[in-house]
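Once you've had a glance at the structure underneath, I'll fire off some questions.
Chain IDs A, B and C follow the sequence of writing; residue 1 opens each chain.
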Amino acid sequence: MSVTPSLVADLVGVAVFAASGASAGVVKRLDLFGVVFVGAVAALGGGIIRDLLIGAVPPYAFTHWEYLVVAVLAALLLFWLHPQFNRLRRTVLVLDAAGLGLFTVTGTLKALDAHVPAVGACVIGMISGIGGGLGRDLLTGEIPVVLRREIYAVASLLGAGVVTALARVHLNRPLLITGTALLIFVVRLLALRRNWGAPTPPDPLPPPDAGAG
Amino acid sequence: MSVTPSLVADLVGVAVFAASGASAGVVKRLDLFGVVFVGAVAALGGGIIRDLLIGAVPPYAFTHWEYLVVAVLAALLLFWLHPQFNRLRRTVLVLDAAGLGLFTVTGTLKALDAHVPAVGACVIGMISGIGGGLGRDLLTGEIPVVLRREIYAVASLLGAGVVTALARVHLNRPLLITGTALLIFVVRLLALRRNWGAPTPPDPLPPPDAGAG
Amino acid sequence: MSVTPSLVADLVGVAVFAASGASAGVVKRLDLFGVVFVGAVAALGGGIIRDLLIGAVPPYAFTHWEYLVVAVLAALLLFWLHPQFNRLRRTVLVLDAAGLGLFTVTGTLKALDAHVPAVGACVIGMISGIGGGLGRDLLTGEIPVVLRREIYAVASLLGAGVVTALARVHLNRPLLITGTALLIFVVRLLALRRNWGAPTPPDPLPPPDAGAG
């Protein structure tokens, strides 16, 4: 394995997502194993689902130990340092936006390379970006935050669409990855700064359960 | 892609399941993205799990954009029209029963075609029918309704058994699909009308947690 | 199918895990179908995830009906006998530890046989052992108990590591399986008896939500 810029970027994403997962585990008072497990799911879950969907088994995270090791180390660090981590909250949100951009773009490209048609590839790209956070929230008993507020998945989906459109024109690939990951990153940061959110249901009166099983 | 009766029936099932998922999202006050995402999971989740289990990757929902588009449109409609949707509650339950029947039968046949043995094919058929609802409930923080009340999964499993038995006698396939989907549909509607349910545990005193990890 | 000692051991593990899942379903007042479904997920879920991760589809539980039948029968028995089951609590914990050991070891070996590298194979082995319990807890709306307390997954991971190390020296396979399953079993029972647990976060003040989607 050679240490390429792309690998370094990938592992930074893994570390940040692992810290976010571990942080959720600490809040729920999980034990050390639980904190590390939720951290690993947050960091690697999106990629694992992506690989299952495109038939790339065993998933990449199980065949490249450095991904798992980085996720575990980041979760352990968070476990012991979390009061300080807390003070880094703003930094974490910025790194998390970078991870979202990167995972979305590489996920979309992997799906396109696996001959998934355009619409499906966009969705798989988005799942690569948000899947880990979904897993983290399900494991800690929360309704996934990505379904409730802010422009997060929408930024990811937008970027996945741009990647898919540009992948057809045979653009230089490192340029394509960097550019579209940056686009997601910027949209996400703007959404955070300006408090953008998707609309919520117009009627505060919830309908009774539609009763479908 | 040609518009066949089978495709139309499939897409009606997708739309109804998407509306049920979106409805659950609205009740939980998710934002627009969350409502659409839960709708898509409810509509397509059963089929995606089915395809992962039989190794048909990428799953059909990712390679046929019309499924995703119909799911998203139905969820959007529900989002904006849900007070009216509410008045259609009875219609929705009927359509949902139709979707359950159809998804179960096509899922069972796909499993049999993939050489899954009879018992496993029945279970995969049932998962095709109820999997979307399970995903919807997990995402919205509910214990899946299909585990708690009414004859829903049981109707699905019954139909899957009939399909599996009849598939061996080389019956005309459209007839087989229509007939067994109709069987599930009727059993489900009877269960709704007569308030049939599976038995609940005989002893109201819950045992202490068995403590297994 | 011939009845080998390994098959008998496997089915004992299935039955015990099914009873633990069914027990959780009874506590949550699920109906009969729900109790059986959660029992089957607890018994077979770890192996199904394992098979999806290594690409062994359809998963073993769908192609060998005896696994499903044993899971369903054990869950049904629990449903009708659960007050008595309750008195057997200590026995169940012991059998559950045996199931954990066995599922971990066979899962690790299956992953190694599928050419998953060492670190990934250990994780897949652990997931084989704890995955069913995770599914059971997610379906019944609990934060998975394996993430919160006691040496359970850690015993599994330890055993998976030993299997992986010893698998390289071409040890006699039945001996390897028995020995390492026994190791996990003993560590788990010692943890139960001496109340060992993984450390919990050092700081009782939870940090605010890190806000990642």
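One rule holds for everything that comes next: a contact is a pair of C-beta atoms (placed from the backbone, for glycine too) under 8 Å apart; a residue touches a chain by one contact, two chains touch by 3 or more.
Since this is a predicted model, take the numbers as computed values, not measurements.
Visitor: Treating touching as the only link between chains, describe the layout with one word: line, ring, star, complete or other.
Guide: complete
Visitor: Note the rotational component of the Cα superposition from chain A to chain B, reported as an angle of 0 to 180 degrees in steps of 5.
Guide: 120
Visitor: Would you kindly tell me how far, in whole Å, the mean C-alpha position of chain C lies from that of chain B?
Guide: Result: the chain centres lie 28 Å from each other.
Visitor: Counting only residues that touch at least two other chains, what does the list for chain B look like?
Guide: In chain B, residues 52, 55, 138, 141, 146, 153 touch at least two other chains, as defined above.
Visitor: Show which residues of chain B lie in contact with chain C when the two form their complex.
Guide: 52-55, 111, 114, 116-121, 123-124, 134, 138, 141-144, 146-149, 153-154, 197-203, 205-213
Visitor: Tell me, which parts of chain A touch chain C in their complex?
Guide: 16-17, 19-20, 23-35, 37-38, 42, 48, 52, 55, 57-59, 61-63, 65, 68-69, 79-80, 82-83, 85-86, 89, 92-93, 96, 100, 130, 133, 138-141, 145-146, 150, 152-153
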